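Below are two complexes that have chain A in common, paired first with chain B and then with chain C.
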Partner chain A sequence: MFFLRNSWLIPAIPGACFFLVLFFGKKMPGKGADIGIAGVLISFLLAVATAVKWISMSTPRHAVERHVTWFKMGGIDVHAGTHIDGLAVMMLFIVTLISLMVHVYSLGYMHGDRRFTYFYAALALFTASMLMLVVAPNTLQLLVGWELVGVCSFMLIGHWWEEEINSAAAIKAFITTRTGDVGLMLGIITLFFAAGRNFDIAHLNRLALTGGISHHLLLVSGLLLLLGVVGKSAQFPLHVWLPDAMAGPTPVSALIHAATMVVAGVYLVARVYGVFFAGFSIGPHAGGINWVAAIGGITVLIGAALAFVQDDVKRVLAYSTISQLGYMVMALGVGAWTAGVFHLFTHAFFKALLFLGSGSLIHAVHSNNMSDMGGLRKRMPTTFWTFIVGSLALAGIFPLAGFWSKDEILLGAQRGGYPAFFWVGLVGAFMTAAYMTRACYLVFWGEYRGEGHPHEAPATMAWPLRILAVGSIAAGWLSAFGFHGFPSWVSFEVEGVTREVVHEFAFSVPYAAASLAVAFIGIGVAAGYYFRDLGPHGLTRRSSAARAGYHFLEEKYFLDRLYINGIIRSIQYPVARAAYWINQNVIDGVVNGAGFVSRMAAGFVYNIVDQKIVDGVVNGAGFTAEESGGILRYIQTGRVQQYAAVLFGAAALFALILVLTTA
Partner chain B sequence: MIAAVAQVQPGQPLQLPHVDWVTIGPAGIFFVGGLAMLLAGVFLRRRVPRGLWSGTTVVIAVLALWPAFHLWHQIASGGARTAIADAVVVDGFSIFIDVVIISAVVMAALLTDGYLRRENLEGTEFYVLMLFSASGGMLMASANDLIVVFLGLEILSIALYTLAGFQQRREGSQEAAIKYFVLGAFSSAFFLYGIALVYGSTGSTNLGVIADFLRTNSLTNGLLLGGFALLIVGLGFKVAAVPFHMWTPDVYQGSPTPATAFMAAVAKAAGFAALLRLFVSTFNTYRLDWQPIVWALAVLSLLVGSVLAVVQTDVKRMLAYSSIAHAGYVLVGFQTASNRGVAGALFYLFAYAFMIVGSFAVVTLVSGRGDTDASLDAFRGLSSRRPALAFVFTIFLLAQTGVPLTSGFLAKFYVISAAVEAHSYALAIIAMIAAVIAAFFYLRLIVVMYMAAPAAEGEEAAPTARIPIAVGAGMSLTIAVGFTLVVGFLPASVFDFARHATLLKL
Partner chain C sequence: MNFFDHWALTGAIFVPVVGAALLGLVPRRSEVALKAGALVASLASLALVIYLMAGFDYGHSSRLQFVVNDRWIDVIHSHYHIGLDGISLPLLALSALMTVLCIIYSWDHFPEPHNPKAFLILILVLGTGMNGTFGSLDLILFFVFFELVLLPMYFMIGVWGGPNRQYAAIKFFLFTLFGSALMILSFLALYFKGGQTFDMIALRHTVAAASLPTATASLIFAGLFIGFAIKVPMFPFHTWLPDAHTEAPTVGSVILAAILLKLGTYGFVRIAIPILPHAAHTWAPWIGLLAVIGIIYGALGCLAQRDMKRLIAFSSVAHMGFVMLGIATLTSFGINAAVFGMVAHGLITGMLFFIAGSVQERYGTRDMSRLGGLLLQAPRLGWILGFCAMASLGLPGLAGFWGEFPAILSAYDPAAGLSLVTFRVYMAVAAVGTVFAAGYLLWMLQRVAFGIPKTEFEHAHVHDLHVPEYLAWVPLLVLIVALGVYPHLLFHITDGAVKVVTSGLHTAAGGVAAGG
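What follows is the complex of A and B.
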């Protein structure tokens, strides 16, 4: 029980590392990287121990909760602590693992960076914030972790802040996710009152599933929380920040996409699933559609479509992440809780692998663009093989990780009463396979189009790739062929609730075959197009409709333009300027008018009364004073204190006289 | 004050009420301390060690904590009460505001020391005015009579006008003082007329009597409501709520920066103290009449403050607009007229005082001799010149954005949760949206500080001059940043303080 009860150490150690690196990092032999890696390694080992302990517990497993009172608010104890169940254990494992890989990888990638130490400090804080979010027993701690993750991503995306584009991307990421946070915070507060002034997540789930909160309230707070998820997990239509966030260093992208930040939204849905389940009436009799599934489904398709038109290899992966997050949200929306969470788990391996692989490419060719790559298969064998493994896993090819989890999602959608989303998932699988084939072709085949002589990455970068490649191959087997490993370890259970929330469906060969076939067709079509030059090349030149479609994708459905021109500009320019103009002219006019009148009056007073009458008297008095020897001149020296001293002296004198005469 | 409440009967000698000095102890210590410093200044003019006046001000402020603590324990054991012929009230609420004002004075005084030396303006006057002004603010917080509120308001304001124009040689400072004075005089007139109307319709200026009267009589004429409106105008001006905010950017920009810091914290705290006491406590039975007005003020302040801050290029003006938005958040708490709302507003004011004084302290240091340049460009690349200063400012800005583990997050969370509890959902949503808009310019400022990029063509190169940090300013910043972070981590004690700082039930 030691590890389960003391899992607070897992976020606390990277948290401490943040301060250590910040204050002592520069003096260390490894410039702070050593502290960061050691800290995350310890956290990772603790997380592994926690996972082992959790798995070896006798069923049914009960969540282990520990907390201290953080503060009291209006008579309510707000706790801070750890809530360890299967979901948390899985997240602790995956976050610390990916973070460790990124820490090690950055040794090579960030070598010689001007803010190397600062980078490691921010990484440590990022990891700690995410871990704190993961273990949160209540929504308030979750919110704190959530916001801190946002701040850290701001720091890391804008790591090379000297370039305007990077800091702009960082601000965009922060503001866009914060737009979603409007919903999250209000949702949390609404639930707080709905649950009888309680932030406790287990309590919320229990109430939601047992009818302790009215359906209406659950729907409202579910929608509010969903807005937060849409922002954080880059779901349509707030996905626009994620591709821009590629401006950050590549290891950071890997961390953001695989284990922290964007999966926080999915994790939130999985964590307070009771609210979503009851609020959106998820289940087989729900009519086949709901908000969560719809948002996820749309995101699957629009993300995948955009991945086709990118030249920047990281942007391909970014849109792919958007699409894959869509799968996860969709899975949760159709009631396939285990499948969604399992996809989060497997996706972390291959997406981290792909990002670190693309970092290795960028490191070698000094460009993000696939038009500067090509033919790298021979020159960078480790990167090539691991990247191919990651791509196949992402495309959902048997027997790699992505196959198992994607298959579960499709199965869950179909059997769970949401057939429309089965088809969405299938189309998405086709597109995924196709765009990854395109990317692999452009990077690794053909002639090298860039400059210089690219070479394989150093060992600190290659080893994380190999380890993650093994993970990408193996992770899916935890739930393969109906093997009941992962689903029994990680499940959604709320104490005191007997209602069955999570349905599981046995592995089905026809469905698996269908999804695998679709993936192969995707690869085949793309391979035919790129490798064999088959199909309608130059379509965008010949057909105006195709050109328009391409442009529509290139412009990212014009969403960015809508946000910038339609919303931001409209505030920043006309509204703000008009308001400012009114402020400056109309209101100032009134003030100036008043000032003008006062000035006229003052002028009159000054010229006539002061200059002619008073001055005359004063001059006369002054003349007299001068005559009388300058004693009184001391009184008019311009020093305020002296005036005051005289005033108080006189007052004291009068008071004294008063006291003496009345006594 | 005594004259205002003395019982004057024809043919009778003046009956003076019993004066319980302890009840106005904090304000009294400030006032007497100010007088003493004023006199001492005359005799010690040339032979003072550095930092004497600043140190004395801090000592006076800290001394004033003693009666505050004493009263707090008295209230805890014996309950809140009124004193001095019911003209003042001693309750947790007034003590809380006293503590807010004392904290602001301590930080502003420490900041002022180095500033005055830099500007060759050394002397006692600045500190004395600050003490007087603060004593007026404290009086407002503990007033139980409309006339006493007015007295406090004037003591507070007149000293502030002078502080605004303290840098006589600089035109901006003069302009600020004149503007503040002219407009402040208007607002005082509004306030006074409001008192007259309330007096006319209820027959008393004593808050307790008014509350009793309003409980037992339901007035249908517009006289009382007119009075409410005028009182809100007068106090809304002091707290810089839209649409009575016009003076704020000009005055904040033109005033000597430590004076700006002081007025941003103290005038706002005092103004809200009076607003909360008058409306939430005294006029509680008429809350359905005044809540819509406050609702509108809150929405306007939130949106106008946040949106207009975005287009500012001068950091002082930007902070001025952001302080308008902050007033909006306090109004959100105020609008609920609930215990949670009042506690939230108090917590917000406390947290805000440290954030805003800290922010203006950084501006004081960066804008250089003569307060000449507080533009965004002046902050460009601050991180490479003064990393610690940039870091501290980042914390203040993040706190104002409402990032967790800073006091600003809990402050926003508290008032917004109060709004949700009171079913003011629209207001809660608007407050959150305003926070998103506001995040934009706080972040932009952070980015500018960390960008040392060689300026693009047509832009001026980043400034390179060294920024000296005076000892006092350093202490002031340490206090502000310490509070902001510690309360962000461990808010329990301040939460408790705010929760127990209830208004006396009238």
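What follows is the complex of A and C.
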């Protein structure tokens, strides 16, 4: 029980490392990287020990919760602490593992960077924030971790802030996700009151599933939370920040896409699933559609479609992430909780692998663009083989990781009563396989189109690739070949709720065969197009419809233009300027007008008082003195009397009103 | 109560002004003696506040402690009545701390015209005025201190300010004065209609017993409201603020933002609401409306700025909107959030004004279109600016969040009898305001700190932090983190006292709506 009860150490250690690296990193031999790596390594070992303990617990396993009072206010007692169950254990493991890989990899990738130490500090804080979110027993702590993750991604996306494009990308990411956070915040507030002034997540799930909260409130708060998820997990229509976030160093992209930041949204849905389940009436045969599944399904397709028209290899992967996150959200939306969470798990391996692989490519050719690559399979064999493994896993090829989790999602959609999303998933699988084939072709086959002589990555970069490649192959086997490890370790259970929320469907050979076949067709079609030069090349030149479609994709459905030109620019310029104009001319006009009138009135009073009492020493000085003189002269010229005059003038007016109205 | 307990609060209030008087005797040329004297006086005041904090009974933070109630102006039954509870204690501490830090910051940074003697005397007089306002329990005493603050700030802006200082100083002075006039009138009305006393605590009962006609109570509240709202400042009484801040010297801006604005919100919590709960209940939806307008409007004002300091000034309008929203809900959550927000805003916006001053000192401009690359030329200053921008936009884990989030939370469920729909709309608007806050603060950060320096400053020699800057800022930065990570530090002081503020409302709500 030691490890389960003291899992607070897992986020606390990287948290402490942040401060250590920040204040002492530059003085260390490894410039802070040593502190960061040591810290995350310890956290990873603790996470492994926690996972072992959890798995070896006798069933039924009960969540281990520990907390301390965070603050008391207004009659509530808010806790901070750790809530450890299968989902948390899984996340602790995957976050620390990916973070460790990224830490090690960055030794090579970020070598000689202008802000190497600072980079490691930010990585440590990023990891700590995500871990704190993962263990959160209540929505408030979750919100804190959530926002800190956001700010860390801001720091890391904008790491090279000298160039405006990078800082703009960082700001875009932060503002877009924060737009979603409005929903999250309001959702948390709504649930807080609905649950009788309580932030506790287990309590919320219990109430939601036992009818303790009205369906109406659950739907409203579910929609609000979903807005937060859409922002954070880059779902349609707030996905626009993620491709731009590629401006950050590539190891950061790996971390953001695989283990921190974007999966936070998916994790939130999985964590407070009771609210989503009851609020959106998710469940077998519930009518075939709901908001969660719809958002996820749309995102699967629009993300995958955009991946076809990218030249930047990281952007291909970014859109792929959007699409894969869509799968996870869709899975949760159709009731396939375990499948969604499992896909989060397997995706972490192969997406981290692909990003780190692309980092290795970029490191070698000094360009993000696939048009500057080509023919690299001979020159960079480790990168090549691991990248291919990652691509096959992503495409869902048997028996790699992605195959098992994607298959479970498709099965869940079909058997759970959401057949439309089965087809969405199938089409998505086809597209995934095809765009990854395209990317692999452009990078590794053909002639080298770039400059210089690219070399294989150094060992600090190659080893994380190898380790993640093994994970990308084998991670799926935790729930494969009739072995039910993952579903039994990581399950959605709420104490006090007997009703079965999550249904498991047995592995089905026909479905698996169908999804595998579709993936192979995707590879085949793309391979035919690129390797064998088959199919309609140059279509965009011949057909205006195709050209328009391509342009539509290139412009990312015009969403960026809508947001930036339509919304942000209009607030920033016309609206803000109009408001400021009103401020300066209307409101201040009233003020200055009142000032002018009272100056006249006060001057009048002053002159009368002055002539009767002071015998004209200061005649003519009046308020116009302010134009010409120093402050001390004001007092000499009767400013104090004017003070009194204004004071009593206003007071008399108010007194008059008071007397008239209350007489 | 022992001798020291009896005199400590009085000492904390008056030591600065005594120090100011003694500085008056020091010749103008002996700058070091002047600076040391001012520092000692402010430190002595802070030490007394720390003594008070150490002796404060936090288990009974609702009870007034260190109370002194002596005869003062018999003819109007006004007493020298001072004391502290969980609401005034943190604000007093903030005020005493800020005075010290401003003197430290000024050490080598005296603004032009160079006159440390006068400048330091003004800071110390301000210190007494601010400390006294937070310590007063008598309306006349409160008024005296409230007004005492006005003159030094007027001179600070008018003498040491920027090019348009005359206009700004007069505007600040007259605007506040106008509010003060209405405020004193309401005080008088309370005295005559509410029980022949100026004692804030006694008035809570005597006014309730006097059962004023609704219209009268409402009108008295309106007088208080305008008086305090100008100080906060709430939309549409805010236009003095950007001008005052833009023109004021750095230290003036810091004190103005960190403490003076809180005198207004403090007035609501200490005087207006507990004494006139019924009227507060009537006015609450309107206060809430102005508060949320302020949140959005202030943010839009920020987005229209080129001057960094003016942007921060407008952000104060937005932030104080959150504080006022919390107050308008008339709930324990809301008022706790408001007090937290006051302290947090004092720390964070105070820091931002310090930074704006330091930027101006280094570059000679605050025009954001000319700035850029601060992080390259003065990395520490740049990172501190980034940190404070994050704190200001309400990042959890830093102090600003605990003023903002609970205020939004409280609007979901305002005091009984207030319209749920209205306040939930306010809640949503306020939440949208947090996105705006992120927008203008990051935009400022981008323009000032990111990028590379513009050609005109390309080869400028920019010094990173000076020693006085370190000394003045580190306490604020530490507090921003400490309060953000462990909000209990402040909530456990305010919570008990806030219950008393809202206790009058339960009877008020009972009269307005069934249940409570």
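The rule is simple: the second predicted complex is superposed on the first by the 581 of 663 C-alpha atoms of A that agree within 3 Å, B and C clash if a C-alpha of one lies under 4 Å from a C-alpha of the other, contacts with A are read in each partner's own complex, and residues count from 1 in each chain.
Note that a contact is a pair of C-beta atoms (placed from the backbone, for glycine too) under 8 Å apart; a residue touches a chain by one contact, two chains touch by 3 or more.
Quick caveat: nothing in here was measured; it's all calculated off a predicted structure.
Asks: Between chain B (first) and chain C (second), which does A:Leu143 come into contact with in this model arrangement: first, second, both, or neither?
Replies: It touches chain B and chain C both.
Asks: Which holds for A:Ser58: it touches chain B only (first), chain C only (second), both, or neither?
Replies: It touches nothing on chain B or chain C.
Asks: Quick one: classify A:Trp161 as touching chain B (first), chain C (second), both or neither.
Replies: Once the two structures are laid over each other on A, A:Trp161 reaches both partners.
Asks: Same chain A residues contacting chain B and chain C, which ones?
Replies: Overlap of chain B and chain C footprints on chain A: residues 69-75, 143-144, 147-148, 151, 154, 158, 161-164, 167, 171, 174-175, 178-179, 181-182, 185-186, 189-190, 192-193, 571-572, 575-577, 579-580, 583, 587-588, 591, 595, 598, 648.
Asks: Please output the residues of chain A touching chain C within their complex, sorted ascending.
Replies: 69-75, 143-144, 147-148, 151, 154, 158, 161-164, 167-168, 171, 174-175, 178-179, 181-182, 185-186, 189-190, 192-193, 568, 571-572, 575-577, 579-580, 583, 587-588, 591, 595, 598, 626-627, 630-631, 643, 646-651, 654-655, 657-658, 661-662
Asks: Would you mind writing out the residues of chain C in touch with chain A in their complex?
Replies: 155, 158-159, 166, 170-171, 174-175, 177-178, 180-182, 184-185, 189, 213, 215-216, 219-220, 223, 236, 239-240, 297, 300-305, 331-333, 336, 373, 375-376, 390, 395-397, 401, 405-406, 408-410, 412-413, 427-428, 431-432, 434-436, 438-439, 442-443, 446, 449-452, 486-488, 491-492, 494-495, 498
Asks: Considering the complex alone, what residue numbers of chain B touch chain A?
Replies: 35, 38-39, 41-42, 45, 123-125, 178-179, 182-183, 246, 249, 304, 307-308, 310-311, 339-340, 343, 398, 403-405, 409, 413-414, 416-417, 420-421, 425, 428-429, 432-433, 435-437, 439-440, 443-444, 447, 450-453, 490-492, 495-496, 499
Asks: Can you list the chain A residues touching chain B in their complex?
Replies: My answer: residues 69-75, 140, 143-145, 147-148, 151, 154, 158, 161-164, 167, 170-171, 174-175, 178-179, 181-182, 185-186, 189-190, 192-193, 571-572, 575-577, 579-580, 583, 587-588, 591, 594-595, 598, 640-642, 644-645, 648.
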